[in-house]
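Some structures to go through are shown next.
You will see two complexes here that share subunit A, one where it goes with subunit B and one where it goes with subunit C.
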Partner chain A sequence: MLAQICQFFAVDSSNFPKNELVFVGDKSSDGGFLIHYFINLCQKQNRPLCFVGLSQSFNHYNSVAQKLGTNLLSARDENKNLIFIEGLKLISECVSLHSGQFNESNPFLSLLKGDSTQFVNTIDASLANLAKIQSPNAPVVIVDDLSVLLRSGATPKDIILLVNSLNNIITLGPTKGSLIIFSSLDKDEENELCAFLSHLCSVKIEITNLKSGYCKDVHGQIEVLWKDSLLNPREPKTTHSQFKLFDKSVELFALGMSAAVL
Partner chain B sequence: MDKREVTSSFQKRAKVKIGQIPGTRPSLYNNQLLISTGIPSLDNVVGGGLAVGTVFLVDEDVYGSYARIMLKYFIAEGIMTKQSIFLSSAQEKTIKLVEELPAPLEDPTASVKTEESPSSAVSHNQNQDLKPSEDKTKKQEEENLKIAWRYRSKPKVKSSIVSNIKFGHYYDLTKTMSTENIAAADISHAPSPVDLCCTAESSIIPHMNVHYCRLLDDIRSRIEAGKFGTAQQTDTRNILRIGIHSIGSPLWGEMGGLKSDGTPDPSLSLFLIALRGVLRSAFAVAMLTLPGHLFHDDLMVNQLSKLCDTVIKLDSFAGSDKEKNPAFKEYHGLLHVKQLPRLNSFIPAQPETSDLAFKLRRKKFTVEKLHLPPELSDTPSRTQSAGDVFSLSQPTSGCGSTSSSKLSF
Partner chain C sequence: MLDDLLAGQEKSKFILMQDAADGPGRYLLLNWARNLYKRVGKTILVCYERPPQYFTEWLPKDATGRITFIDGNLRVPASSEGGCDILFEKEITEAISGPTCILFDSLTLPILLRQVPQTCAVLHRLITNENVLQVLALIHKDIHDQHTCDLLSSLATSIVDVSPVSLLQHKHNIRHCRVTGKVFKTVESVTYDSELNVKTITPWTSTTDVPASSITGPQVDPLAKLSFNLSLTETEKEARSQVKLPYIKDIETEISSRIIYQPDEADDIDDEDPDEDLDI
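Coming up: the complex of A and B.
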């Protein structure tokens, strides 16, 4: 799977997210495979990774990663090159009538109240921890999925501020890292957050359902927009493909070239 | 998802053998631990059953009656498999829901046998079980095919979806479950939000609906007290079934997804995110029914669906013009599978067709295929034996022979 997607992206699999801000907008619900692709890519390159899991628990990512041939558990506990922030658990701790003792250190509580500084500090501290392992590669921060914050009541304004601060400390700062933001958006939901992210990012990946409806053999369409930026000067270009998902792999093919119709 | 503890997974698996938990079975597809919804044909549609640690959302039909029956099946299945149950409703006393539970059918295997057509290609085991007399009638049936003998070897089309493995019970809606069964079951009732009208308490997050917060606190303490958490050690591991009736109805203090000033209210979606977070580390499954038509726009319901794992929508014909449509005369409504969970895999279980309908009989609630999809895949499900169309390898016996292929003249 790794090779196929890298080939489609036309990137070198040994140093792909190189100081980029990647925005993955998933308008269908099948785009999750890209998250696993990026995790796998970072693990294969032995790159320090900070993962903010807002939509699933660690076990889910770990079991998919095991199917793809990497072990996140040992990466987290032994190699220390993965920091996993259990966002789903932390958010669920916020919904209660009793304020427990854990609430003071919960970055999501202040975020849902409209203050993102504590969350940014958490990421900053994680990056500092990752810097300790002295990896030759720059760190990567993945957020899956940003729209969970929007659903749980954070205003688009706060999220925009958050993304801006994260971008400042990760890609623009001295760490020269990469930030990958995954966001599942509804078809009718072209909101300001989406517009802002599309503008800010250096690579925009958009995943959509087929316009003609559900098909067993073509699960969706993927569009990648490479933007010219100061950090990564290049010719802007767009590439399209359609994909079919399997249990642990993905098949990419040109538009209308599915084996089912040929 | 979290059937194993993160830090001490090895010891845990040795201690709790998966098959020992009553009423569960591992999924063949992704190795998740599954429980039955109480409706065997629905189990097959949603990928074998409901995975432990997930949220099952039923978007109610307009009158909410079929969704309520499904909830009763879900609870009854919990009682039959001796699982623990946690109930909450704003609509009615949850005791009443328990009193109305359907009685299990005495001999469920009998109905399964009649349901399954013996000539289906998949039921090899079934064929061996057949009594000789049944076998004879089957043979006669086949010999009687005088006209369309070409289809003799074809499997019969089964509209109802049944698997061979016995999982889940059948219930008789005309009778109620015996009081001994109910008394023996471990059922806990959450206080109704209507009774608790005092709003002295407030949630940690400003503007969050207090009733949802209290419900989640109740669920948390139930999981804690019953030792259903994955981190908790216990000798008798069991499953907690959480049934929540009509969440998001106005009685919960919900106003169609809006706050009193008309801005969107994130309370319900935050509750669902938090519920998922709680269940992921517990041996529990939640079934929620949601009156989706009471929300001010469909977008809101779609967003809520994405925060759950398995989502189906019931579309009853009652009161609509489809009621008199002859195409639907056998059925009571349509069943839309809106979402299936992606667990430990890129893709969810792929149902053969998404065009499903349900019908309610006295003794059975069944989900059936309404139409088959057009055969357009690169992996044909229709088996085509070589002898059917092209039998070039066989020696042809000249003109007019019935056994020769189309290509030989």
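Coming up: the complex of A and C.
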């Protein structure tokens, strides 16, 4: 899977992402494979990774990673090059009706109230911890999935300010790391947020269903738009492909060139 | 019109550029900054979406000394609580010395953090400053509602609405109000080279504006160049019209006939009225 997607992106698998703000917009239900691709890529490069899991628990990502040949448990506990923030669990603590007492140290509590300072400080502290392992590669922060915050009660304005602050400390800060944001695009209310991310990002990846409807041999369409980078204007480029997902891999092919058609 | 505005031949106090994600106005803003620093003594560039390094990498080396950068991005707070001078009015005013132009690479974050009328008030104060020659601001129309765009448009003397044609070609709807009050409306197409320099600015011609004759070309008779004959002469056409086709009724040979039904033994002819039981 790693080699195929890197080939499609036309990037060097040992040096990507390099100071990029990547926005993955998923208009289908099959776009999750790209998150596992990025986790796998970071692990193969032994790159410091801070992962904010808002849509799934750590066990889910670890199970998928093990299928793809990497062990997130040892990366988190032994190698210390992965910091996993259990966002799903922390958000559920904030919105739970039965928990009378809220943990004030929970960064999502203030985030859902409109102040993302504590959350940004948490990410900043995580980056400082990752810097201790002295990796030659810049750190990567992955957020999956940003639209969960919107559905949990945060306003688009608060999330826009959060993304801007994360961008400042991760990609524009001294570490010159990369930020990868995954967001599902199936609701109209997310348009404002997605439009802002589309303006701010340097790479936009959009995954959509086939316009013609469900097909068992073609699961969807992927479009990559290379916009001007964060520190240097560059020529925009776009590539399209269709894909079919398998248990451990993905098959990418040119539009209309599925094996089922040929 | 756009090249006149870029070159400074058309005076405009406040230029509002409106763009969407698929047609970024940032490329035009880069070119605008380069044109401004060449002809104006001082330029102030307030950056919110890209750091000053982004602009200095693209602009000529001598531009960096003549452009004052204000990095608004790093100073945008993580929370919308508390009023802060997000448009850096005080800092900009202090930096103004002599004829100055001011550029905002995006007004999205200031509008999100402050109310739109407050942003308009600050912009109005900057526009009316006697030392300010021109203010140019970019706004993302796909993030803000129509009311916000309209409020800012009411301040602007020129509005450039950017929409995409391809990655390096954009269509610009321009509305420019001259000092005399005369309003011009034009649609122009701008193409960029791979370095994002403005390559051409031409009047926009869509395919719908092109006359139908120029699309289809002169009508050519397809039978003219054939090596064999597919058409008929007049006598042949007359002969064809005389042919009697077998399925057409000939009135003279028509014979009148009638059907005679002769019942056989198996027929059960019932003379009774089938509806006699009904009380009609």
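Criterion: the second predicted complex is superposed on the first by the 247 of 262 C-alpha atoms of A that agree within 3 Å, B and C clash if a C-alpha of one lies under 4 Å from a C-alpha of the other, contacts with A are read in each partner's own complex, and residues count from 1 in each chain.
Following the convention adopted for this analysis, a residue touches a chain if its C-beta (ideal position, glycine included) is under 8 Å from a C-beta of that chain, and two chains touch if they have at least 3 such contacts.
Source: prediction; values computed, not measured.
K.L.:
Determine, for the superposed arrangement built on subunit A, whether subunit B and subunit C clash or fit.
P.N.:
fit
K.L.:
Quick check on the superposed pair: does A:238 touch subunit B, subunit C, both, or neither? Answer first, second, both or neither.
P.N.:
In the superposition, A:238 touches subunit C alone.
K.L.:
Looking at A:132 after the superposition, I want to know if it touches subunit B, subunit C, both of them or none. Which is it: first, second, both, neither?
P.N.:
neither
K.L.:
Answer with first, second, both or neither: which of subunit B and subunit C does A:115 touch in the superposed model?
P.N.:
second
K.L.:
Taking the C-alpha centre of subunit A as the vertex, compute the angle to the C-alpha centres of subunit B and subunit C, in steps of 10 degrees.
P.N.:
That angle rounds to 100 degrees.
K.L.:
Return first, second, both or neither, reflecting whether A:211 touches subunit B, subunit C, both chains, or no partner chain.
P.N.:
Neither partner.
K.L.:
Determine, under the contact definition given at the top, whether A:89 touches first (subunit B), second (subunit C), both, or neither.
P.N.:
The answer is first: A:89 touches subunit B but not subunit C.
K.L.:
Going by the touch definition up top, name the partner, subunit B or subunit C, that contacts more of subunit A.
P.N.:
B
K.L.:
Measuring by CA atoms in the overlay, how small does the subunit B-subunit C distance get, in Å?
P.N.:
Scanning every C-alpha pair, the shortest subunit B to subunit C distance is 16 Å.
K.L.:
Identify the residues of subunit A that lie in both the subunit B contact region and the subunit C contact region.
P.N.:
none
K.L.:
Of all residues in subunit B, which touch subunit A in the complex?
P.N.:
For this pair, the touching residues of subunit B are 1-2, 4, 6, 201-208, 210, 212-214, 216-217, 220, 266-267, 269-271, 273-278, 280-281, 299, 302-303, 306-307, 339, 342-347, 350, 354, 373, 376-379.
K.L.:
Considering the complex alone, what residue numbers of subunit A touch subunit B?
P.N.:
Interface residues on subunit A, with respect to subunit B: 29-30, 32-33, 36, 56-60, 63-64, 67, 73, 88-89, 91-99, 103, 109, 112-113, 148, 151-153, 184, 186, 188-189, 214, 216-217, 219, 245-250, 258-261.
K.L.:
Sort out for me which residues of subunit C touch subunit A in the complex.
P.N.:
20-22, 24, 26-27, 30, 49-51, 53-54, 57-58, 73-74, 76-81, 106, 108-109, 112-113, 140, 142-143, 167-168, 194-196
K.L.:
Where on subunit A is subunit C touching in the complex?
P.N.:
Result: residues 114-117, 119-120, 157-158, 160-162, 164-165, 168, 172, 191-192, 195-196, 198-200, 227-228, 230-233, 235-238 of subunit A touch subunit C.
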